[in-house]
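Working notes, structure below.
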Amino acid sequence: MTAHKSSLFSRLARRVAVVLALGAATLITAAWFYARAAADEAYDRLLLGAAFQMAESLVVADDRLSFVLPPSAFELLGLAQRDRIFYRVVDPSGETLTGYGDISPSADLSRSRAAPVFANMAYRGVEVRTVTTARAVTSQSGTGWAYVIVAQTTEARQALASELTTRAVILVAAMSLLALIGSALAIRLSLRPVDQLGDILRQRDPQDLTPLAATVPRELLPFVTSINHFINRLDERVRLLQRYIADSAHQIRTPLTALTAQVSLINEDTLSPDDRRHLERVRNRTAELARFTNQLLNHAMVIHRFDSTQLAPVSLNDVARKAFRATVPITIDPDMVVSFEASEEELTVLGDLLSLREAIANVIDNALRHGATSRLEVRATRFGDLGRIEVCDDGPGIPPEDWANVTKRFYSSRTEKGSSGLGFAIASEVAFELGGQIGFRGKTAGLPFCVYIDLPLVKEDKG
Amino acid sequence: MLLPRLVMICLLAMAPRSAGAIEGDKELFPASGTETGKLVVHAATDLEAMRPLVLDFQSQYPGLAVEFVDYVTNDLFREAIDACAGRVQGGDILLSSSVDQLVRLANDGCAQPHNSRDTVNAPDWANWRDEIFGFTFEPIVFVYDRRVVPAKDVPRSHEELADLLRSKPDDYRGRIGTYDIEASGVGYLLAFNDSRQAPTSYGRLIESLSRTQTVIRCCNNEVLGEIAAGNVRLAYNVLGSYAYAASRTNSDLGIVLPRDYTLVLSRGAMIPSTAPNPVLGKLLLDYLLSPRGRAVSREKSFFFSENGPLPAEVDGPTSLMESGIGRPIRIGPALLAAQDEIQRRTFIEDWKRLIEGR
Amino acid sequence: MRILLVEDTHDVGEAICRRFQQTGHTVDWETDGSAASDILAYTEYDLVILDVMLPGLDGFSILRKLRQSKSGVPVLVLTARSEIDDRVGALDLGADDYLMKPFDFRELEARARVLLRRRSGGEATNVIACGDISLDRTNRSVMVGKREVQLKRREMTLLEILASRPGKVFSKEELLDQLFGFDEAAGANAIELYIGRLRKKLEGAKARIVTLRGVGYQLVSDDGP
């Protein structure tokens, strides 16, 4: 058994989806970083602007550093509506002039002399972004550095970052979805040749041994080539086998015919009664040999025919009549009443004419040899949905306990001398191949023993 | 009459304080039904104005007793800082006209946010961080004594007021009243905003006020009382709600909404982060912001509303907000500037020097 | 009668020759296919017995050429191959009968006799009917109702005689003459034997063979005259 894996489509689709998901995740992560950077940049400007405004407000008056907090600085920061603001103004001596004395983003404020310094820190339990700016102030006591530290909570930044990220996510998700749908369509289209090849193989008659004539993409060519190679080999094998059977048949039959011919030439009149008896036995054995040989070869032929022959509609009446005429010898005992009755309606089955004829012929032959004492009736009838070929004789019939076995090859019945050979086996195998079966009907008062072959009728859908 | 009591409060507020303890005026509104909880309101808001609101609120929640503690704004602020630091037990809700102090509290993490069906009713300028909500609409007005101020003298703008004082200094010397911005948080907030709205006219006005030896009182009602008593002819920067309440009992009081600009203050409400029963505080907050609470507020307590018409007898522009004359004091971080120590100190010093240092 | 046997297996050819010569036929025996085909081109035969596998030219080719030259001589094909297609092919190509090797020599003789008779008899078309019995002279087949009943040659002839004039009484002597001719010696009881067999095989038919004691036999339809 071959393990059934998930379809190519779902495998491809899954992989594409994984790639898209990874891509989307990467893009979203990048978008998040970008959004955070953008938000930081935007709000840092506000922060820096406010810090500058406040630093500008540091003035030396009366040799005293004074500071007038500009409300506009806070209005600027107020653009981030929900964010809290902390600030601290440090005079050159390091004392906190005003604001929140405990806010200290960095131990070394002097770093901000070169350029404003931004930092993130936690203040009063919340995340804040701080900027430190320095301003040189000159008083009579000399020049020193005053510092303005402004801190703002990060709610607005986070809101902006998450809003930007959300937009990016929506965009990326939409693009990914489109890409996924597009990929699915593309995969479907690309895989169509595979489906088509599958359809061709599925619709193909198993007996059809001609090479596939499908135009397929390069990737599928090895499969088609392999399949064709295999079909060719199989075809060759079947042909070879059939020729072998045919040749063997010829090779065996010719000497056998010569043997019977020569035996038939022996002048019985000159023989002693004993020799005559021996001759009779030779004759019988030769006939038996001939019959078995025929059966053997026909069996092989019939079985191999199903490997390579395509089934066709066959008229059951015709095939039964042909089998009947071919099988009943002209030299039959004149006292034997032999009749054939065709069905009044046309019975069409799907089958192989030759195999089917061989099957029926074998059943009739068997009845003639082992059954019929004075009467043989062959009938084609309809039996429900089945077409039935009935071969009835007035002989003792086959005991029911042997019914199951006589269809086996070379089965020897205890009640019957010799074996029925392959006759029923051929009939049974042909019936089986054609979706039918062989059956038996025991002899009852007034009704003879019958062997029948049932075959499914072709549905009449000629419109 | 409630005036004597108010005077007493003012005196108390100005008296040297015993260490640590800040005393407010406490009144208990018992539950009408079986008491299931007690809401503690710490307010810097006239109790008489709040009374109809509290009673209506209680009618919705009969199981609630309400303990109403009234402070002056600066005391309320100090008490709230102490409560935030965990030093004393604070209220479940703070109500204050000095919204800059509330903003400072919220900025320092002393508030907790509240979001409900009713909080969305607060206009954008009256909501900061869902922590501070303005629940009133109070234009800042001039009040004058009809008996002594002739109609032609009645100033319709800050400029006109300054001009009046310059042209008739003798008529109004010692007869102009306003807040003591050092004692009154609201006074400081209003003066600070005046200085920002119109720096030039503010400078002129302050100069004129100092020349006319302005009478300085701690609180709205005291200023109004001075007018009623005939000591003051004209008061500057009075909360419209108090003025209107007073004018309903004293028809001599004229109210003018200045037409150059009218500051609009929205009294702030805040749930402290250390509130013992924040759920109860939020109930009251929702009530104050609800249509029902606003209706009671307009009819019985504060008389003005953002969308409603001005009360009769009030002299002012027809459409306060649409005309752009109304300048609401936005509850937001910009108010932090008012709360800066140096800023405050410098501003008050300058003011005192101008007003008193004659 | 003159018969051409084309058979390359000596042992078989010898036996066939002997059997047919014993019954008074002239048999020309040819072992090579092409030689046989040449002979057939200018010699008239009453029957050709043709093996399929032959040196020179195979049996099918000979048959095809024969039929192409519009010769109507009866051909009986012998085949040793297992391809049953051989038989079909043979019949399609115009063979009159075929036999699969190895065969019973009596069967070969019997079939050859049928073919020879058909040729000499030569009645064209005609179906004789009596009651529900119908006798097709061309196919030499008999139907009783829907049943096809297989009759032996003499039974067929006997039925043919009786059915040719239903109701007519044929005497034993008349029948003997027609059935066996003058060259064959047969007793009157032979007629009774054949009548008996025929009756048995026509059982269930809507016509009967009636014995008129001392006079003869007649075929009577149940449907009336």
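Think of it as A, B and C in the order they're written, each chain with its own count starting at 1.
The working rule: a residue touches a chain if its C-beta (ideal position, glycine included) is under 8 Å from a C-beta of that chain, and two chains touch if they have at least 3 such contacts.
By chain, UniProt protein names: A = histidine kinase; B = Iron(III) transport system substrate-binding protein; C = Two-component system response regulator TctD.
Every value quoted in this text rests on a predicted model; they were computed, and no experiment measured them.
Chain contacts in this assembly form an open path, with each chain touching only its neighbours along a single line. Among the inter-chain contacts, the highest number of C-beta pairs connects A-C. Separation between the centroids of chain B and chain C, computed from CA atoms only, is 139 Å. Our note on geometry: chain A versus chain B, Cα centroid distance of 81 Å, whole angstroms.
For this pair, chain A with chain C, the centres built from the Cα atoms lie 61 Å apart.
If you check the complex, the residues on chain B that touch chain A are 106-109, 128-129, 196, 330, 332-338, 340-343, 346. Per the touch definition, chain A reaches chain C in the complex via residues 242, 245-246, 248-250, 253-254, 256-262, 264-265, 286-287, 290, 293-294, 297-298, 300-301, 321, 324, 326, 328-332, 334-335, 337-342, 344, 354, 357-358, 374, 377. Listed in rising order, the residues of chain A touching chain B in the complex are 66-71, 73-75, 77-78, 81-86, 89, 97-99, 124-126. Within the complex formed with chain A, the residues of chain C that make contact are 9-12, 14-16, 18-19, 53, 80-85, 87-88, 100-107, 110-111, 114, 144, 146-150, 152-153, 155, 197, 200-201, 203.
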